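Multiple structures follow.
In the two complexes that follow, chain A is the common piece, with chain B as its partner first and chain C second.
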Partner chain A sequence: MKGGAITRHRTRMGDGRVVEMSTDEIRADIEAGTEDAADKGQIEPLTSDEQDYILELMTAPYRVVAVQPGNEVVLTDDGSAGALYGPQSSSGTGTPVSREQAIRVYERGFCLDTMEVGHPDYSFRPVKPIVPMEQQTIESVLQSTIIPIYYGAMPNLALYYDPDGPFGNPADFLPKAMIKEAREAQVQAAEVCRRDMIYISKKMAEVGADGINFDTTASAGDAEFLATLQTVEELANTTDLSIEVGMASEFVLGMHGELEYQGKRLAGMYPHDQVKMVEAAGAHVFGPAVNTSTRRSSAWNIARAVALTKACSQVATIPVHANVGMGVGGVPMSETPPIDMVTRASVAMVEIARLDGL
Partner chain B sequence: MPVAHALASGMGGIRTAGDLVARMQLHRKMRLPQAKEYVAEKLGVGLDQLADEVSMRELREDLDIGVITAVPGAAKGLAAKSRIAKLLDIEIASVERLKEKMR
Partner chain C sequence: MNEQEILEATAESIIAADEEKAVELARQALDMGLDPNRVIAQGFSEGMKQVGDLFERGQRSLPEVIIASEAMVAAVDILSEALPEDSQSKKVGVALLGTIEGDVHDIGKGIVATLLRVYGFQVHDLGRDVPLDDFVAKAKEVDADIVGSSALMTTTMLGQKALEQKLRDAGVRDGIRTMVGGAVVTQYWADKIGADAYAEDAQEAVTKALELVEG
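For the complex of A and B:
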């Protein structure tokens, strides 16, 4: 699109709205995004060549962009089959297929490299009472599929707090300055969560699951991260499961503030520190998440997400599969993520951050 | 959205060698370049062929490790995975569980 002497490009904001921006405006946002990442994460900003590459992607006049041949990566997916049979709350389309059927569609129709079985109520706690049903489902899937199959669920420590669970809620204690009570509740809940996650994961190992995917880890903060790391350590030492840990956000919230794993405080960790904890626990794949700001442009968000993820990938010794989904990894926060920005985020992550997968 | 990623950046699963490269990441913690090199060597192909659906379709049928289209008599499910395990020199849990049942 042209307006006088200044070329304006069709692009988007972090909430998915279409906007027009000039080349200089996009360039400025890319620079600002990478500087913000460098400042918050205490990492190196993207180089000028890398920023130029993102500018090239963002100003390309195509709906879809793709990686160069030979640079393709492995795809893992969380929730996955729920996108077909689930309701709006799962970003699902309500297509009436079973999980077994949906996974076959993903393997053969959509050509994903891996898939997972997950309960519609996609957290570990609801699975515990019905674990034989989940075992039966994953066994059935493993008989007929060829691609690796994970069992996936969220640690979701918040389900262990009042009113959903038996422990006091830190969100109730903290506004009343009841710090000791808030910390105790988190530690007690984390211990029960850890036991549940180990129990369920070992049940999946019994029936031959290829792996376990811990999704949105640390959504409730550092206590949840600790419970997950301890679970990973136990599973890595006692089962043949492949273990993936996907994070909830770029920053581990210090809801407790003083919890440590192997001598390192977990609160405040960014992806390049998170991955070292996950490696130390024994996991096989790490999925960093960088949150999208709906107030900023896609150029800003993608540059920022790539900078933080690149820093993680540079220090990792295990495969890194960045979360590039709705509201993370530079993708707009929108119920129907726009394909133009999804593919731009996808390509930028692969070509600059040198990921092992998405 | 997974479809958008699959088109933009994905290896292509059993349409190509995507599942094989994935297994080396999952089972042996290999980073992508190492995983691709390992699989390419086991398959006897160049790196540029791993995501090429035309050459991989033919090779997968020759090796009988599962193909994307529904070919009667071609290895599927556990049969394909047992051949993949042997080809890549890895253990696949569901295949090992089957072996235990067969003893």
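For the complex of A and C:
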């Protein structure tokens, strides 16, 4: 410090805005973030050493930070290379390449360790009518790549509700206190969703897909989580597919509230409990998601996300590949996540939460 | 039980979603000559706030929140009978909600609608993919205090900005408070477009809505 001036560090808020914060302010936010995680998740907060490490990352003057040599982790992808060929409004760059070309670019240019084929709508329901086309793409990609190729999609139970699907919509029933109808709709829709996911997954297995990735699982709540777990169980018992389950949110939204899997209530589960359900179902990789608060600083968000993810990693018996991207894992919620915070969140996740991959 | 114990017990009855107990305590409070408004505000409402907090933590499901709110409504009905007619609980305000045209996401908006009803708002939910003109027409029809729009895509959030202008063009903006929400929406966006409030989650939406109607 010169002349008593307080050093202010360039950092960001959860919505990506650049702000300046003092060291003490950043330290206070890191502490507050880890305390919030401990309180909400009923877990241990990060240790003071771990918080100091995050402080070091957040106050480093470099745009990009990285893990120490030897601590590199596996990088997997979800979204099927959409960042290349997708529109900007979907966080893509509109690069004029096909899905197959994009996947090869990811393998050869970006060095991802796995890739996936996915429908542009990226949900299971719209895939069912065009399964042969997706099978054809998987086959073609498998013949021109070396890395494991998954088929990825979101369970997205909401597509089974009115107006998109045949079942009543809980979002319409619940505001009218029609609890019985809301619960029935969810259970019925979940059963059809489960059947669809099993059908599609097995079709991909037929053509040699290496794995299945269930993305943003439980976005529609506990019924969707249950459908996914039951699907995983079936696939684990009847196929050789590698199965990854990535979550939508840090806790399972209780839209039904009374659904259980293996005797455990699913509503309200945080990552350290979610992973045990996914393990019990037979999945091979788990991807926790911790949501970013746009009104809080990146320091707060990263500390919180790392604390919740660390608790998950500590109890997991399968690899944990945290979701670290737009609006999750401590990364700001913006169309093009800023690389300064993406790398800081990633390093913190790897070095503190001891992740197996991202 | 003394007054403080009654107030604590009423809050607990809502947290436990025990309608029978809530009604019993409401009657007991009246028998004791307690101020009904105080029992509602510092007893039952406190319980409902805690239920909302538990929901945001994932410790209560949405159906459980609704059941708790029904317990509260039953208790408040008992207490309201003891109030002079002109001070009986009226609706807190009129809220009009919808997901912006082009966007079909509505789970979060549905949760907000549920909680606003629980907290005494008269809620009109236009659903999803709602044309902006429909927001304006319905706001006029129901004399909305609050117009809340949800957008989960960066393309559709632009509709929230356009809605602000539509409300101004219709000459109703001054009498309405606007709220925005959705995964891609931020406080910065709300400030930029001139919305009166932004809420990051359902419970915050209720808090902000109550602040808006209380002026």
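Keep this in mind: the second predicted complex is superposed on the first by the 352 of 358 C-alpha atoms of A that agree within 3 Å, B and C clash if a C-alpha of one lies under 4 Å from a C-alpha of the other, contacts with A are read in each partner's own complex, and residues count from 1 in each chain.
Here is the rule we use: a contact is a pair of C-beta atoms (placed from the backbone, for glycine too) under 8 Å apart; a residue touches a chain by one contact, two chains touch by 3 or more.
Quick caveat: nothing in here was measured; it's all calculated off a predicted structure.
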{"item": "Fit or clash - chain C, chain B, common chain A", "value": "fit"}
{"item": "Partner chain(s) touched by A:Arg17 [first = chain B, second = chain C, both, neither]", "value": "second"}
{"item": "Per-residue contact with chain A, leading partner among chain C and chain B", "value": "B"}
{"item": "Partner chain in contact with A:Gln143 - chain B first, chain C second, else both or neither", "value": "first"}
{"item": "Chain B versus chain C as contact partner of A:Gly268, first or second or both or neither", "value": "second"}
{"item": "Partner chain(s) touched by A:His284 [first = chain B, second = chain C, both, neither]", "value": "first"}
{"item": "Partner chain in contact with A:His256 - chain B first, chain C second, else both or neither", "value": "second"}
{"item": "Touched partner set for A:Arg183, first chain B, second chain C, both or neither", "value": "second"}
{"item": "Which superposed partner A:Lys202 touches (first chain B, second chain C, both, neither)", "value": "neither"}
{"item": "Contacts of A:Pro170 with chain B and chain C, given as first, second, both or neither", "value": "second"}
{"item": "Inter-centroid angle chain B-chain A-chain C after superposition on A [Cα, multiple of 10°]", "value": "180"}
{"item": "Per-pair minimum CA distance [chain C against chain B, superposed on A] in Å", "value": "17"}
{"item": "Partner chain A, residues of chain B touching it in the complex", "value": "1-15, 18-19, 21-23, 25-27, 29-32, 35, 47-48, 50-51, 65-66, 68, 76-78, 80-81, 84, 91-97"}
{"item": "Touching residues (chain side chain A, partner chain B) in the complex", "value": "64-67, 69-77, 80, 83, 106-108, 110-114, 142-149, 205, 207-211, 240-242, 244, 284-285, 316-319, 324-326, 331, 337, 339, 342-343, 346-347, 349-350, 355-358"}
{"item": "Contact set on chain C toward chain A in their complex", "value": "55, 57-64, 66-67, 69-70, 104-107, 109-111, 113-114, 117, 123, 125, 127-128, 153-155, 183-184, 186-188, 200"}
{"item": "Of chain A, residues touching chain C in the complex", "value": "15, 17, 40, 89, 158, 163-164, 169-172, 174-175, 177, 179, 182-183, 219-222, 251-258, 267-270, 293-295, 327, 333, 335"}
